[in-house]
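In the two assemblies presented below, subunit A is common to both, partnered first by subunit B and then by subunit C.
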Partner chain A sequence: MSLEEQLPETVAEGQSADELAELLGDLVIDRDDHVNAPGFVIRPDTVQDALRRLRDDAGFDHLSCVTAQEYEDRYESIYHLKKYNDPTQEANVIVPADKEHPVSQSAEPVFRTADWHEREAYDLIGIDYEEHPDLRRILLPDTWQGHPLSMDYDQDQPQIVSLREHANPLQEDQRSDSDSDTMFLNIGPHHPATHGVLHVKATLDGEQVADVESDIGYLHRCEEQMCQTKTYRHQIMPYPDRWDYISAGLLNEWAYARAAEDLNDIEVPEYAQIIRTMGAELCRMAAHFLALGTFALDVYGDFTAIFMYAVRDREEVQNILEDLTGQRLMFNYFRLGGVVWDLPEPREEFFEMTRDYLDRLPEHLEEYHDLVTGNEILQMRTIDTGILPPEVAKSYGATGPVARGSGIDYDLRRDDPYGYYDELDWDVIVKDGCDNYSRLLVRMLEVEQSAKIVEQCIDLLEDWPEDERNIQSNVPRTLRPDDDKEIYRAVEGAKGELGIYMRADGTEKPARFKIRSPCFSNLQTLPEMSNGEFVPDMIAALGSLDIVLGEVDR
Partner chain B sequence: MSSQQHPFVTDDSKVLTETRDARLAGQDDRFNSRLREAFGSTPFILTKFDKFMNWVRGSSMFMLQFGIACCSIEMMHTYAVKHDLDRFAAGVPRASPRQADVIIIPGTIVSKFAPRMKRVYDQMPEPKFVIGMGSCTISGGPFQEGYNVIKGAEEVIPIDIHIPGCPPRPEALVYGVAKLQERIANGESSPVVVKPYELEQFGDLERDEIVEQLAEDIDTDDLVMRYNWGDSP
Partner chain C sequence: MAAPLQSALLPEQIANAFGLSGVLGEIVGGLIGAFLIANIMLAMTAIAGPWAKRKITAAFTDRIAVNRIGPFGILVIIPDAVRLLSKELIVPEGVDRPSWDLAPIVLPASALLGFAVIPMGNLGPINFHLADPEAGLAIVFAFASIASVSLIMAGYSSNNKYSLMGGLRAVAQNIAYEIPLIITALSVVIFAGTLQMSEIVAAQTDALVTIAGISIPAWYAFVNPFAFVLFLVANMAEIGRNPFDIPEAPTEIVAGYQTEYSSVYFVLFYLGEFIHIFLGGAIMAVVFLGGAAAPISALSFVPGFVWFVIKMWAFFLFTQWCRSALPRVRIDQLIEIGWKGMLVLSFANLVLTAVIVGVLL
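So, the complex of A and B:
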């Protein structure tokens, strides 16, 4: 491919693309480099071999995403690999599969996270993964007919969905076998503690959780299909707001903006980057406040003071964001090449309002620490419960506060810099408790760091010369990236690594749009954290994962 | 109430004594509110029973704690500080549908969730009311073209009030709730115009191609919901 010379220079620091090809040796049957990383095409029966070599010998220990798609003549699975130490080092393993009988080897024995990713690929595209431990539908109901993102799917065909849940858990046939004394406990999809419409099937052995299975897909609203039927320039941007809808809209928009800007070689003016950075960090604060409030709700019970305090803080942040973007929740503020408009006039008022809030914040945080982290009851509930060891977290592709709470020093804002982050002074918060408490603590301390970033951005914006306030670069009205140009780009969302894979086909709409959701990977760790714990600890572990179902199901 | 204004008493022992004395002497005026004064000397009011019941229903609504998607974030903000839906006699979210009168549907309904939502709705005691919050419950909203999205909550359960917006602001939700209360108090109901998807036994479905295909996977007495996407608006 002609993109070889554009390979990111950082690959050279680790292994060059050719060195990796040499490592894979005769497994490589072709090369298909993407904008972000070299791509090695391998045969469908050598997936485990190739991934194992890349993981063990080259250090690619992070299977970030699995993208599946259908071409006119073949199916294809792409394994996007990264390194936790240095996420700018990337490699893609591309596995074509037969058009008639798409069969491919499963990567699950090498990376645990491939379990769900391949189930999703099977569900939506229809690729059959051999040796997969449990290949069945994950987002759509079991009785669904056809694979909706494959080419010959007829969207108008009728579907039948069954309702088999709500069986009496005490009935004899709900026991796992006749002489066992375990009990089946059904939680959700309508339940206050599941943070939306998650369905958890728990098997209890006495008071302890013997097994947990998350059943997702109750909010699968076809986000990928929506983006594939919309144009790059303006139509896609409103959708990211609705993936992680906990006020994290600008962070999501940035994920799309970053991928689309790199795909189309669009520059973003520095001034717009600062506004983006400020807005995104305000969103992160709001998202973490809700995580804190709902976690307290899960651990303490009904609408307690902490929840109300957290909502109070969110309201204040949302007021600032509303002044900036014109919306409370679904901002639609970024544009490719910048932001839609400048700061609100009078600017002084906006700066003053934001500064006022930041001045009050330390007092509020103190209050939270008194109520939450310093509280003995909460400590008893959260310290040493929901343990997630770092190696396990890595094998599941956990990112964000979940990974950083397990001592994994991984933050794309610093490790794969974008926006204005590398010019500012802030720290990545890492705690090595690996438990519910340290995940909570990471979020609370990250709020402080975000406030620090916002403060610096405001200083910069205030001093910015008036005639250099360039909020958008010149972007063509219609964007048509070259045919077969592919890219995977990620940003640090509120919940972790939010990545977008896009393949262009020469038209103004992406041929494939894949969302790598941090919550989807993080939620997979739930059984690891809760098996052997009590039921309330499982709820606390779920709360500390801070999932949002819009992003899990997409 | 006596015309004489009492100063606020802070001394506990004094309060106790005064209350006891008042009760012993039969001069307890706790129940003689200003409302009573307005009614005059008669202890009776004359109204229709239905009208009275509607007024009561509208004035004390228990909401179901029911979160689906983005709108539920704004719904939580409406319940919480600043907007405080409780001020409008509608702010006690109940976790169980058995205790709720009103269900706010805050988000997109997809094929897997619709049968569960229908079941939750069925579990609520009569009389029950439904508020559709956001564009997704009107038509599927921004996701209307999705292969998995129900084109509006009305295809599953009847809706009393639609609140447009993506998502509606908390003020809009408060306005919608107030409007619903007004309608309940007036005894109005919304006509159901859409033929809803029903939960039915698999054996009762008309046997066609898809039913034949699934005949091995689903028992005849399993409850199913059949989506005819081609007929959706």
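So, the complex of A and C:
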């Protein structure tokens, strides 16, 4: 898939690249097409104008990701745009910024999701976004010196922060403002409801939430930077397992595999695609079970039986995955061009074990529906709480079960097919309740669909002729994509659209590696869902978002 | 000789056993009797808290739980006690000292005091009943209500926002549910015509119906099942267990009023909650389940005290079952159920009962 072949395909049904260029008119000062989409270079003070035109006149209503990077002679922000009704139609808006004073117009007024994405770009790269409502650091502490992914950043520079600056971080909320009738409350980073190190700064009016602000970055592990120092061929693959570590490892690996394979024109054998599809769906089942269990913890309290039931089911999936990959969490099973090894021998045993589980699953799901979705108190608690209207969800770039629970029919497995999904028979689950209950229900029903996919994959694998079991295509030992070749590719992770942007510089390591985390975008919707609601509903909304802090913070 | 012993209260029996009489006999008998009853309750709590609760929750969630020390792991109580007592008692800065220290004592004390008037039946010649005042039912509710004071003391004095929210929730919840609780109990008083505990139990001894030789006793749970269900729900809210565990609401407000408590103070809270559950079960048993009576007369060879303990544990089991299976309601929903639903229903029940008793009986 070279650049020339790719382009006509991606814009086949929508506007052609030239039509888009015409739409943008004199805003376009240059073209810089990527592997996945045409790229329009614009001036840094016309960002809102360009994005608004693309959104309103061309239908690009999904700002999937904002990538920032520094070149020798300039800074650059890339806005990766898609359409919710057809994510194969993509467009990139590329905004160069001055090397000395990197200033660029903020896209926040057009796409709300740009708020956090641009804060991250400011934090890690150092681009100054004008008109941004709240340009602060997001992943690193406020006291951090320098921008770690910029070129002149000295990694050995000690980050010494004086005691004065770190003096009691909670001091501020202890002030007694006699005029105020609200209460400031720190929820987290160590709190039973946050499922990890998330810090929610909540302002309460009695039991009602007046305002919430998520404070993230406690689990930032420099994943992007680490991937930039590793080679494409083998060294990057172990890292995706550590983003969404809640048993969604293979889904994450696929995100990297898909982007890297398209970047290097690697074909994947059909047999390997089926194994990938099966493994990925098993991961999705495990991840959704855990989401169900932790949501139950939030709504039922910490002695609920549902959590243990969900963990029990997840455990069985985990055993299957262990047999398949040799690992329980950090699978490292995918390779560029296929998977690392074939199904475990004896194959019959593996098939039997998986089939056994799939046979028992409907009964278990029935039990969950009895205990959870059928429970009237739960319905009372979750229906019409944590409302996320579809328009708001789109503006925040919400994807995955969060978007599908808001009635947005968007699933990359179907809309931007990869792997073996388009050959199989399954449905995209969409509920239009827009509330906590819908998001819960979507996950539970998706487990059924995943089981259906796994079952079909098992059938296919069982009948596959023995001499055609090709698990990997021939991939060169060292991969060196052409200089300045850029790609953004996404897959449907357990939490939503997990995208990878890579820029090659002619070496065997990516010059820029950017992760578009679905949880990062989904978490931004928390204030929209919880402002004005009661505290328990805010907690439930947070649980229904199903965030994993390892993926939010990377 | 046996018959008068049966009806004598525990302090009197003890005084007689020591050959004491008069004021001295009353004081010695009362103190020893109270000590005995309190220790029985504490022993039950010790079994319920560290061991039974774990086993029950484990059974609901397909696990095994403690099974290493002693038969079925029951001796885990000992290491648990050592562990809890040897933990550091952390006193946060800025707590309101006298009330912060008093709160964990008031909670178990109030629940234990309630048992003073509960007739717990006979075990051999011993009658487990400390006092039988004429206003017994009113006294037990009064004692049980002191618990709310403890919760707000703990919530307010902890100097912690989660504790404060927990304390406020506890008060709102207890006010909303104590009124229906007492009004529903009043309907039983109308039936029995007395507030005296022993009389309420005695009024439930007749047979309601006899089917195939097995007579079903006239327990008020059978006479007025509607009141029984109302009372059960209100009682669940009163003791703060699922679906009404919002004063603690782990995962929302950490642990509510007890967030800042550790070590012995935490144990006292824990103890107080369990005794409170047992007190709730005891009130249910006395008011609706015939006190210490056997469910069918063929089983009355089993001592009454055993039946009473079984009834209390049945209620405890019920709370644990709800805890494993039910979500918690939201605070506004809880208040709504309390004031708009339970209160109206309990008054309707009271008026109906009064009319029926006045017209028919």
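By our rule, the second predicted complex is superposed on the first by the 526 of 554 C-alpha atoms of A that agree within 3 Å, B and C clash if a C-alpha of one lies under 4 Å from a C-alpha of the other, contacts with A are read in each partner's own complex, and residues count from 1 in each chain.
The definition used in the following text is that contacts are C-beta pairs under 8 Å (C-beta built on N, C-alpha and C of every residue); 3 or more make two chains touch, one makes a residue touch a chain.
Since the structure is predicted, the reported quantities are computational estimates derived from the model, not experimental observations.
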item	value
Which superposed partner A:183 touches (first subunit B, second subunit C, both, neither)	second
Which superposed partner A:159 touches (first subunit B, second subunit C, both, neither)	first
Partner chain(s) touched by A:381 [first = subunit B, second = subunit C, both, neither]	second
Partner chain(s) touched by A:539 [first = subunit B, second = subunit C, both, neither]	second
More subunit A residues in contact [subunit B versus subunit C]	B
Touched partner set for A:192, first subunit B, second subunit C, both or neither	both
Partner chain in contact with A:308 - subunit B first, subunit C second, else both or neither	both
Touching partner for A:300 - first (subunit B), second (subunit C), both, neither	second
Footprint overlap on subunit A, comparing subunit B with subunit C	191-192, 303, 307-308, 312
Interface residues, subunit A side, partner subunit C - complex	183, 185, 191-193, 207, 296-305, 307-309, 312, 371, 375, 377-378, 380-381, 534-537, 539
Subunit A contact footprint on subunit B (complex, rising order)	65-70, 72-74, 76-77, 79-82, 93, 95, 97, 107-108, 110-117, 119-120, 136, 142-143, 145-149, 166-167, 169, 199, 202, 205, 210-211, 213-214, 217-218, 222-230
Complex contact set, residues of subunit A against subunit B	140-145, 148, 153, 155-166, 189-192, 195-197, 217-223, 225-226, 229, 238-239, 242, 245-247, 290, 303, 307-308, 311-312, 314-315, 328-330, 549-550
Of subunit C, residues touching subunit A in the complex	57, 60-63, 161-162, 165, 242-243, 245-246, 249-254, 320, 323-333
